[in-house]
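Quick one: this structure, given as structure tokens, is what I'll be asking you about.
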Amino acid sequence: MGQYRNGAGPMRVAQEAPFYRAAGDEAEVFRAAAGGGLPVLLKGPTGCGKTRFVQAMAHELGRELITIAGHEDMTSADLVGRFLLKGGETVWVDGPLTRAVRQGALCYLDEVVEARQDTIVVIHPLADHRRELALDRLGTTLPAADGFQLVISYNPGYQSVLKNIKESTRQRFVAIELGFPPAEIETEIVAREAGIDVRTAGDLVRLGNAIRNLDGAPLREVSSTRMLILAGALVAQGLGLRSAARSAIVQVLSDDPDVVHALGELADAVLPRP
Amino acid sequence: MGQYRNGAGPMRVAQEAPFYRAAGDEAEVFRAAAGGGLPVLLKGPTGCGKTRFVQAMAHELGRELITIAGHEDMTSADLVGRFLLKGGETVWVDGPLTRAVRQGALCYLDEVVEARQDTIVVIHPLADHRRELALDRLGTTLPAADGFQLVISYNPGYQSVLKNIKESTRQRFVAIELGFPPAEIETEIVAREAGIDVRTAGDLVRLGNAIRNLDGAPLREVSSTRMLILAGALVAQGLGLRSAARSAIVQVLSDDPDVVHALGELADAVLPRP
Amino acid sequence: MGQYRNGAGPMRVAQEAPFYRAAGDEAEVFRAAAGGGLPVLLKGPTGCGKTRFVQAMAHELGRELITIAGHEDMTSADLVGRFLLKGGETVWVDGPLTRAVRQGALCYLDEVVEARQDTIVVIHPLADHRRELALDRLGTTLPAADGFQLVISYNPGYQSVLKNIKESTRQRFVAIELGFPPAEIETEIVAREAGIDVRTAGDLVRLGNAIRNLDGAPLREVSSTRMLILAGALVAQGLGLRSAARSAIVQVLSDDPDVVHALGELADAVLPRP
Amino acid sequence: MGQYRNGAGPMRVAQEAPFYRAAGDEAEVFRAAAGGGLPVLLKGPTGCGKTRFVQAMAHELGRELITIAGHEDMTSADLVGRFLLKGGETVWVDGPLTRAVRQGALCYLDEVVEARQDTIVVIHPLADHRRELALDRLGTTLPAADGFQLVISYNPGYQSVLKNIKESTRQRFVAIELGFPPAEIETEIVAREAGIDVRTAGDLVRLGNAIRNLDGAPLREVSSTRMLILAGALVAQGLGLRSAARSAIVQVLSDDPDVVHALGELADAVLPRP
Amino acid sequence: MGQYRNGAGPMRVAQEAPFYRAAGDEAEVFRAAAGGGLPVLLKGPTGCGKTRFVQAMAHELGRELITIAGHEDMTSADLVGRFLLKGGETVWVDGPLTRAVRQGALCYLDEVVEARQDTIVVIHPLADHRRELALDRLGTTLPAADGFQLVISYNPGYQSVLKNIKESTRQRFVAIELGFPPAEIETEIVAREAGIDVRTAGDLVRLGNAIRNLDGAPLREVSSTRMLILAGALVAQGLGLRSAARSAIVQVLSDDPDVVHALGELADAVLPRP
Amino acid sequence: MGQYRNGAGPMRVAQEAPFYRAAGDEAEVFRAAAGGGLPVLLKGPTGCGKTRFVQAMAHELGRELITIAGHEDMTSADLVGRFLLKGGETVWVDGPLTRAVRQGALCYLDEVVEARQDTIVVIHPLADHRRELALDRLGTTLPAADGFQLVISYNPGYQSVLKNIKESTRQRFVAIELGFPPAEIETEIVAREAGIDVRTAGDLVRLGNAIRNLDGAPLREVSSTRMLILAGALVAQGLGLRSAARSAIVQVLSDDPDVVHALGELADAVLPRP
């Protein structure tokens, strides 16, 4: 097995032709939005495949994809660009959003709800009929090139009253909800992405669904597709299945000794003996 | 169908001759305020058409419109301008408000209640009989050119005790309240803006009003005209009406699975079968 | 009717010979303070005429008036001045307070209680027997020219425990309290400032006093003289009296539908039928 | 009567030979501290004469006095100095504390408890046996010249738990408590400083003490010597005694209409009829 | 005995061939993660040997180790790099994370949970299949060289609700939990690291475990392996064993006089008489 | 008597050969820590002699002593150094910690618990077996020269839950607790440091211990050795003993009139009549 990126492993394939299996009408809605140049809001839990879905749609539509990870300290300058000092002159350097607007790319703002309000407001004129980006520092406004489309994502489970998408932002978007895929599709994804056989992948998906179905479990998140792939990748490196599940799933889901113990027992019950 | 902005679709028309239908005496009051150079405060829910109303009035009055979106991190420099370093010298660059004051434009500050207090204070001398803008950093004061008019907007439903327009600011303005238009006018707007036939637009407006009339619904906002237009734009791209309503209205209004389910059933009941 | 500032309307007159009618001994106290070079603190509700009173006194005393609007983000540099980069050198640029100190002007700090503490401390040595301004960044102290006088204002109704004038600041000032003028004087002011006849002005003042006398009304502020003038200015532009009162008074005083309705009925009862 | 500073009035005299009357052993303690180079902490209410006491002692000891007003936003750079950009080079400019340390002056930090902690820590090595000032930015330490003495003041009534002098700072100082002077001395001070006759000054002192003796009065501060002098200065400009007391004392002490009314009646009862 | 670092003492040995004794399958899991280029999250109490484990694994894998200590004020620039001004030009200087990405080093982020959110987000694309570092300020993206691996650590006992690793971060990692080693292994470690005989080391480990087993002790942390080594190092310098335990363990664990007294008695009971 | 620093008084002696009397095994532990290059944490109340102890140990060990006072706004740059602009180039200037690391000095961080977390983290690699200082801005790591030793101090009585030394920092240090010295030693210290006879010094120490033994006294701190020396220094300047005790002890310990009165009576009872 090669390295996570550089080897011949399945991870690398995603760079070229992203593997995505639709579970509902999400692709259909995305295509209609793309056709009308309408912005899209993706809702769903962490690790359910939002990023991969966007990659697949960009690939199908033949558009460049520019991804920006939102965070608490992100400012509008991080999106739009800033002046840098070069040779005693201030020189403007485009931010990733500005590059997407100029090139007509698909711009994916991941977890944008984390960003400060000024970054949110920057995208308003791009998200309605104006389709333009105000470059206040340059004193100009940039019309979006054909093909530009805005996609933002967030995880409804995380949002608090204080940290939410403003209604005035939300209602500029077409909303698509994503969840964890059905067992059959998820097994296919885990097998492909981790580079393991379908039976082992099926074991991991069974464990994932067993954890997702726990009643009243004190877990902030359930086992995501991403965790199952990581566990599979450890197996692909020769680690035992139970050891892999313990490291990539159980120990990741909780720090509480009792919860870790209970999840460990569940894993041993679901997974085959070595 | 063309793209949201660049195609031949209805969105583009708004750039040239904004479509607005008055539902009360709002245009009459605006004209009187404009005649006397008095500043205007627009009150109303998100997506009810405040921006479009200002565009229509600017068009009727033959004045340039400069729009500025307020946000939490907006400073007075964002409005007034700042010094930039060029060739070892600091050069002053006008902000959008200063440009409007010099050119006698109509200046629309959207959601200005979000901005920091210093931005608010900057507009005080522009909003009373002084009609001047203090450029503190330049050490001068700029008289407003003929035709300059200040318009600010806010959504009363959002305001908390902490985040409100100061009384000393409010009472410098003539206040105009806007709401969602009557069904007939809203249907005409949705049909025109989304590029769909009047019957489909009427279906969407009926759904919008059904949601607006829900008693005790746990929704922070109701379905706005903007949402109905977005749903219509998805239909114009070939998506089914119910799918469009689910993506542009139901999923946008809530993240709560129960609420989403109930609104979905309401949509299915109101909208015709495919 | 001309524009708010540039036309031949009444607003313009204020620039030359401010119209002020004393209702108590406020002018007498101000003159004594000016004679002794003592600083003045003006107390009173928003829109009662504090600014106009200072303009009238500056005119009578033949002194230049420099007005500075206080706000939360105002720093001492905004008052005193700062270094700017010009041609690779830092060049000092006086702030408005420093200009007033050099020229012996009357310096009016409006709503100074909003400013940060360091701005307040800057004015201490100007407000006591020292009459000097420390220019810390220049390493010098500037004695106030003859004629310099400091006037600050604030609205007692707004002050909270956290945001108040420090006692050590307050007691450096001679305090003058202003309120809304008696009906006869207020009618004269409204008629002059708005450019309307005395009967219409009287109607508006009657409405203003009716609102001021409401018991237990959930209003943060009552109808100010400034609001009455704005309503009059709309009438001067041809708008009906009731429409003008609704836009410039009722809708400004509250966002609560019930309160707006009740105030609207009160306005209809007080104002003559069209 | 001349102006507060530039005329022939009594205020000016203070610039040359400050008028101070000791009411206890404060001068004796100050002299011993000065003899040993020990730092002094002055405690006492606002306007009781702390500044004037320091001026008198500096005059008696023949030392230059450098006064610095503390405030919330004061940083150590405001005390110690900073680099400024001149001709493309950064040039160091001494702050007022550094100047005092070099010249062996008496350095008076007024209301230093307001300053940020780093300013406080800067004075520690100056306040103990080290008698030196660390100039971190220059990478050197400056020994205090002979004659340098540190005096800080604060008002115990203002201090909260959060905003207090740290014990580790306090115990480096010799503490002297000052209060309002006895009636006879205060009358002499008010007459001299305001330029009025002793009888009128006596009337004002009587009013001052009547207010200070009020039981359970909802006043944050009582009438200070400074207020009495201000009232006297208004009288010296020709204003009636009761009008002067109302503006310089009553309206300054409270914004509450009931308290203002009660204090006004007390003033009318204590002061002679015009 | 030499100095902590430069002498011939045991501390120095760690620089060359880190001494580590595995107590579970932690090394096995780490090797599988390293083989697949998967990022690792180390969980465990302070001083249990997390850093030493990473050093041992880096040594075994033959990779350079770059360690970065996380803290509250760490920004993404501290990790990624920044522009510095040199000769009038801004020059980019790589941060430690960027150096690790370029060189294919093992990058260990210690206590990264302390850092601000923007630093966390920076590592996301490095921690999933993308294996790339966005250099936003340079407008480029850097692919990780072969051999690059990310390891982060945190102490679950410290985490509060506010200060935790986001789920979306956690689930990108393979998690390994570490605890204090069994007595035999810990004795060997203490003897080697402190340069003392095995019997004395055994005495210290016995004291350490006695403290760890105290019921309901008001200690925020228990005696760590690191503390035992420090106590041993004092003994190696000639200090008595009880004095060493008091200084390196008892006085470090608490400031409460009663707790200090009780722990002192426990130490005297466990440790042999001098 | 000379000045606090420059005269022939006792304060000056401390500059050359610090006077310290050990009351326990603190010097022995310090020597062992110094021998092993282990960092030391000094715990004890304000003014008990922590600084003097470090000065004495540095003198005995023949090492240079570099003292840094911690405070809330201290940043890592204050310790490590920063770039300054000189002649258009940025030039690196070492901070005091970096100088100590290069020169192998004893570096004493006083009240370091006040500093921000990033300053604390900077000292971690200096405090464990690595003995190195990361100069992130220079992109290098500086090994500590032979003889470098880190000593930090704090006052356990001040620490709150929010403002404490992190456990991960604490357990890198050997902890030594200091208290006020026994009466005989304290009398010798006060006599020497203040330059007064032993009988007067004994009177002051008796007062100090009387205050320390007060039950339930509402004092945040008790009378420290430093206060007793200050009182003695006033006596050495000719002030009466009771006056000196009132100014340097009683008025320093409290602002509460009742407490000041009670402490004054206690002082009069303990101290001999003049």
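Think of it as A, B, C, D, E and F in the order they're written, each chain with its own count starting at 1.
Just so it is clear, a contact is a pair of C-beta atoms (placed from the backbone, for glycine too) under 8 Å apart; a residue touches a chain by one contact, two chains touch by 3 or more.
In this text, all values refer to a predicted model and were calculated from it rather than measured experimentally.
Annotation of chain A and chain E: not jointly contacted by any chain, touch as defined at the top.
Homomeric contact chain E/chain F: same residue numbering on both sides for under half of the interface positions.
When chain D is laid over chain F using CA atoms, the rotation angle comes to 60 degrees (nearest 5). Using CA-based centroids throughout, the chain positioned farthest away from chain C is E. The centroid of the Cα atoms in chain C and the matching centroid in chain D are 31 Å apart.
A straight line joining the Cα centres of chain A and chain F is 54 Å long. For chain D, the set of residues that touch two or more other chains comprises 85, 88. Contacts between chains close into a ring here, every chain touching precisely two others. All chains form one closed ring of contacts, and listing them from chain E in the direction of chain F gives E, F, D, C, B, A. Against chain C, in their complex, chain B makes its touches with residues 25, 28-29, 31-33, 35-38, 41, 43, 75-76, 83, 85, 88-90, 116-118, 120-121, 124-125, 128-132, 134, 136-137, 139, 143-144, 146, 156, 159, 167-168, 170-177. For chain C in complex with chain B, the touching residues are 1, 3-7, 9, 11, 14, 46-47, 69-74, 78, 84-88, 93-96, 99, 111, 114, 155, 158, 193, 220-221, 224, 226-227, 230, 233-234, 236-239, 243-244, 247-248, 251-252, 255, 260.
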